[in-house]
Amino acid sequence: MTPTERAATLVEALPYIRRFADQVVVVKYGGNALAGASEGDALALFAQDVVLMRQVGMRPVVVHGGGPQISDLMTRLGKVTEFRDGLRVTDRETIDIARMVLIGQVNPQLVAAINIHGALAVGVSGEDAGLIRAVARNPELGFVGDVAAINPTILHSLLDDGFIPVVATIGTDASGQAYNINADTVAGAIAEALGAEKLVYLTDIEGLRRVVDEPASLIRQTSPDELEALMTDGTIAGGMIPKTESCVHAVRNGVRRAHILDGRIPHVLLLEVFTDEGIGTMVT
Amino acid sequence: MTPTERAATLVEALPYIRRFADQVVVVKYGGNALAGASEGDALALFAQDVVLMRQVGMRPVVVHGGGPQISDLMTRLGKVTEFRDGLRVTDRETIDIARMVLIGQVNPQLVAAINIHGALAVGVSGEDAGLIRAVARNPELGFVGDVAAINPTILHSLLDDGFIPVVATIGTDASGQAYNINADTVAGAIAEALGAEKLVYLTDIEGLRRVVDEPASLIRQTSPDELEALMTDGTIAGGMIPKTESCVHAVRNGVRRAHILDGRIPHVLLLEVFTDEGIGTMVT
Amino acid sequence: MTPTERAATLVEALPYIRRFADQVVVVKYGGNALAGASEGDALALFAQDVVLMRQVGMRPVVVHGGGPQISDLMTRLGKVTEFRDGLRVTDRETIDIARMVLIGQVNPQLVAAINIHGALAVGVSGEDAGLIRAVARNPELGFVGDVAAINPTILHSLLDDGFIPVVATIGTDASGQAYNINADTVAGAIAEALGAEKLVYLTDIEGLRRVVDEPASLIRQTSPDELEALMTDGTIAGGMIPKTESCVHAVRNGVRRAHILDGRIPHVLLLEVFTDEGIGTMVT
Amino acid sequence: MTPTERAATLVEALPYIRRFADQVVVVKYGGNALAGASEGDALALFAQDVVLMRQVGMRPVVVHGGGPQISDLMTRLGKVTEFRDGLRVTDRETIDIARMVLIGQVNPQLVAAINIHGALAVGVSGEDAGLIRAVARNPELGFVGDVAAINPTILHSLLDDGFIPVVATIGTDASGQAYNINADTVAGAIAEALGAEKLVYLTDIEGLRRVVDEPASLIRQTSPDELEALMTDGTIAGGMIPKTESCVHAVRNGVRRAHILDGRIPHVLLLEVFTDEGIGTMVT
Amino acid sequence: MTPTERAATLVEALPYIRRFADQVVVVKYGGNALAGASEGDALALFAQDVVLMRQVGMRPVVVHGGGPQISDLMTRLGKVTEFRDGLRVTDRETIDIARMVLIGQVNPQLVAAINIHGALAVGVSGEDAGLIRAVARNPELGFVGDVAAINPTILHSLLDDGFIPVVATIGTDASGQAYNINADTVAGAIAEALGAEKLVYLTDIEGLRRVVDEPASLIRQTSPDELEALMTDGTIAGGMIPKTESCVHAVRNGVRRAHILDGRIPHVLLLEVFTDEGIGTMVT
Amino acid sequence: MTPTERAATLVEALPYIRRFADQVVVVKYGGNALAGASEGDALALFAQDVVLMRQVGMRPVVVHGGGPQISDLMTRLGKVTEFRDGLRVTDRETIDIARMVLIGQVNPQLVAAINIHGALAVGVSGEDAGLIRAVARNPELGFVGDVAAINPTILHSLLDDGFIPVVATIGTDASGQAYNINADTVAGAIAEALGAEKLVYLTDIEGLRRVVDEPASLIRQTSPDELEALMTDGTIAGGMIPKTESCVHAVRNGVRRAHILDGRIPHVLLLEVFTDEGIGTMVT
């Protein structure tokens, strides 16, 4: 790069520092987003981006799930998983396993990756300080929950003190019973509760498309209305539904922008946040 | 009780409220302490005591281990545990299991029991915000660690915001590798780092004795010097060693008082804190 | 008492500490309340209760009169007291005597009793910082006043700095002329002006009764409406009228609860404040 | 006065406003200072000066005695006063009378005179918040005390909140027993404890003289050393001794300047504080 | 002067200290006001008054023009000035000269005169921090501006930090182009923007008159309505128009009082501010 | 640029944001630095860089001279300039002209260029709030001054309130007399007084060289000792001497780094501050 090119990048990026100072950015980190790289590298690059965002004054919050890891432990324990409509039927033993995996295995991995850069990340589960109040989705599914309410006090507390919260998506009902909740949905609900500037989904696709099989139809910018139409006509389907629904709901409830990014691109978070053209699909 | 008796209890208790306002009390909660009662009840009473201490302005910190629970999951996974000198040889798979159990199973149980009274407890592992820096004890033992340093920033942050931290005793070395650390030792190290007013071990014994088999020789108050002598001559032995050593070290390093209490007595924490005569063994 | 009984008292009392933290409690202290004990002892117990309430974070304010002591000095000075409708006709010499006695004799006694426990109490007269603005009740009575307005600035100032105000009930009109005002009435007016949590009258009766001569008809809890009915039908009469009227007015003007207690019971303040069942008559 | 003269007075006075902002000035107000005017007028002018000093940001503290008034009440009560070496022998009845007169009669008169200008003055006795700790001077004199220690907390509290403390000079020993203390001495001790900018004695003389009978020998400015010499050779004697000793002690212990002024001159406080040449005798 | 006279002046002046504490006083300083004295002396007396006002807690802001000095430099540079309707036609070269003279010559003279008394004055132009947004009055007049808006942020900043702002009346439009603006008008606009207590014009006349040629018709106090009538009937004319209009506008927009004073009287500012009768013409 | 290149620039730049947050950077802006571009463009780019630095949390201070502009006005006024040893002999008329030009012409140009981006820049002269205390260098040179002392209060005040100070280098002696001072020297003195992180000279050379005529000998990083040697042997000479001496003095007195940059390179400030390799010559 020439000095002129570097200066141009800086002149473009620096105003975003000020604009996003003290703003909350909720990032949903999914295992599948890492498919294009060896996992360790992708996780390290992601952690570096989150730390850089924090260092320039933003307030990142990381939300994660861990479906594959739950399945893995269940298999090791000889327990058969039953799915209905794509949702894991979750009996008492299964929710205990899910809790162990999300809070005790996946969450510490993310915390450790970030904390290589300093004492920054703090793991939080939805049980801590009543963060996620859950309600059963369907008795036949057992302890599969929806978000009834978010109490963001603990997140404000950690963010005000300069920490990066990493949230495992176990919630509890009024009696203290734990539920497993879809992490895409939790990310959106937390972004709303925090009045986030941005809600970001890191995925293994380039972004949303207007025509499924045409890469050229990639959507750079869209609206909640268009997204609803695309879900209605089936263009958006499957695992993208919870993300898309959360984007729509969040943007209609106070979150400034929602993004669906390709987590396989190195430093995709920085490229989205600090360039004029951005990257992936943006919902406003 | 007559009004006079109740008034006497109050006149005795109230000055301690003022004396302990804003003071940190680190409580090591061990599963064995609950032997005298059905576990649920004992946990509920313990949670109530901790919440009451918080409500009158004290700053309780709960530290816990979970050896039996680790052994249980290892058994379920068909993994044989090897012990050397009473310490679990901990290979990579074992530390992953220990981490899952402590952070993902035992810690949420304690958090949930406390949070029945409000959004108060927050689970913290030694990995969060660099709380516990570990160092390997002995290469032959694998990932069994000692405390190298405590970074209490996250605890100060949570306490200042009115939360009750519940600490799982997994630490990390500089590379981010997790270690399992004796919870008695961690409790002492945290009490020192916080300049705690009290360090309390809830056990399943009445207290320390000067003569092992004589209940009448129960020690009500003692000094670090006497405790060292009792360890040297073998009066204090076995599982009481880490507790006793931590008491000695803590009192010599800024903790005002250390206590070994019988966790089987209902509300034993309140009886220790708010009565003139106290209960169990006190080290000053 | 057994440890279980003591623990039960504590479990019951501690939540009140939090509930009443920083709350104002106005206590009217009357000489007659002490009839059941030698005066020194009763005063000492009362002072201890007030100090304990302060130490656990409450904000007690003590209000007192001193009719018998005024009469006594008048007798010593050879001055004959004339009463009309139970009120002392107060000429210029009499108000000077009343002022001397209330501010210079009774008030310092209470201050001294409290300050045995520390530099806590500060005597205040209604003349200080314009605390009590008085208006003449009836020209024929001379300098007998009613409360025209309370300026609580000096009380806020002292309470904020951790002191216990002890108020002598001399007020002044706009010209600076002093008036003697009924202490029961002043206590109620101050409780209202401070938005007190509680207004407490220490008396020499067990509490109010629904039937004058039946001890079993003691009223544990009542309402302003019922009290007005009891005054109308003459059940409540004589010296209890100003207390009762003040309770009614105070509860209707922002004071949470008013209490008529038996000052002869040792530590009656603590028993009222820190037990579930309370004691005496409560108006809400 | 011409505009030029008025402007000259202002140009001279205004810098003192800034210089004395937030500075403490302790004024000893003695009954004899009022001899040259009808008492009401002199008191009113004094009160106006004190209020003006407060309004321009100074922190006046008024200290008073009341010997004549004590004698008067004793006479009315038929009690004979015995003096030894100029000090009143003070038995238990006498100290009760002194306390009543100082706290309940003289103090409220000063408070009332000041409060005509607003809710500013607050009466304080040495018993309030442990302000004056006394020690018996001589068992033969009974409850005549010396200052053992000043606890200025209550004065700081009142001054910080904008009030003008008016101090009655009754102190207490550790048991709570009251003592009567020379007001000149108390004024000096309080000035020292507050690190006052000025200590002012209002008297009925023009100032100190180097030769007793020569008005022309009036001392405008002097030092502690010279004053000690003048006391040693008897030039300064009688009632001026406690004032002079307090000036010497105060100036040697952190008080910037001490003044002996003629309280008979209208607005003598303003003339001292806000003119370059000052008035009376100044000790530095 | 006798002590009594001096005391009277002080008793009169001191209440104004409190009343004007922290209040903003905007003073328009015009060269012509100094006609009655040698310039250096008048400037020095003015500077002293401003500093004294600051020292007693007021917040003076000085606004100045400099027409004669601009004309002088234009003459030296051989540039002919054209006036239309009394306004200087201001081409690009002329505005550059005006800017140099006002900001670089007159402003530093005032700053230097004040700063002889301490590091108090700070020169500010209307370009600094966007203080004066200008709009062209009439294209034919070139860069002669009117006030479009005042952004008082920089003045609040300087006043809060204890400085005395001295304002040169150059404004800028949105493109950054400089304009020369009538200083009388700017003074009024700044007084409004700051919610000033007083707006003071120092002139070379005694005050406004109701009849032009009758000194005895000097107006001591008037209203906006009367001033408008006097401008309508031509009694007030010429250079007094901008001052009078600014007084009218300011008093109708939140400025408490406006004054037209005779700057030739020594210490005229102090005489106006600190005496009951004031001086010159006051508009309320 | 590819996304990867842009990401690389960001990953490199972002840590500097945090490192330089709240740090002071003093930039000496000299007219000659602009030689490589049309002046307006260069000034606009410079202003943009300064504003971007401010927006990401740094605290830039701009210092400027204006020799050519002074000479120009002197010529227009028909005044002949005499130079001795490269210094302008400055009589009373000359200092008045210099003051007008620096404060009233050059300074507002810089202020206006910055304020196109917002109400950020505030012009300050060394006379404001006593910023630069000057002392005459040599009586034969007239009002040519050296820096006697810097009083940075006004700079702290402006920086704390988020403004960008732009400093014209006129100082005053104790009598208020103005002096013209070398702007390079003032920049260094201000950097020292503020404990600046960086002192930056924008020049029209690429940087310092070890061998005058060899571009390849450009010094990227050097020390005060080496610079002194290069001045001693004559490698560094002429107009670079005051800059170099100021760099040496500043780095030895608390300024972390000093830089000599080529002001002709667009965005040279950003390239220096936000890249690992920097640009020009750095002194540490």
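By written order: A, B, C, D, E and F. Residues from 1 in each chain.
In this section, contacts are C-beta pairs under 8 Å (C-beta built on N, C-alpha and C of every residue); 3 or more make two chains touch, one makes a residue touch a chain.
Quick caveat, the model's predicted, so the values are computed rather than measured.
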- Partner chains that subunit A and subunit C have in common: B
- Item | Number of steps on the shortest touching-chain route linking subunit C and subunit E | 2
- How would the subunit E/subunit F interface be labelled, same or different, where same requires over half of its residue numbers to be shared? same
- Per Cα centroids, the chain farthest from subunit E: B
- Task: Could you grab the centroid distance between subunit C and subunit D? Build each centroid from C-alpha atoms only and quote it in angstrom.
- Result: 35
- Task: Averaging only over C-alpha atoms, locate the centres of subunit D and subunit E and give their separation in whole Å.
- Result: 47
- Measuring from the mean C-alpha position of subunit B to the mean C-alpha position of subunit F, what distance in angstrom results? 61
- Distance from the CA centroid of subunit B to that of subunit E, rounded to the nearest Å? 73
- Item | Shared-contact residues (touching 2 or more other chains) in subunit D | none
- Message: Which category does the touching pattern between chains fall into here: line, ring, star, complete, or other?
- Response: ring
- Task: Name the ring's chains in order, please, starting from subunit D and stepping to subunit E first.
- Result: D, E, F, A, B, C
- Message: If we count contacts the way the header does, which residues on subunit B are in touch with subunit C in the complex?
- Response: 1, 3-11, 13-15, 17-18, 21, 48, 52, 55-57, 265-267, 270-271, 274-275, 279
- Under the touch definition given earlier, write down the residues of subunit F that touch subunit E in their complex. 76-77, 96, 99-105, 107-108, 111-113, 115-116, 118-125, 127-130, 151, 153-154, 157-158, 161, 163, 170, 172, 176, 178
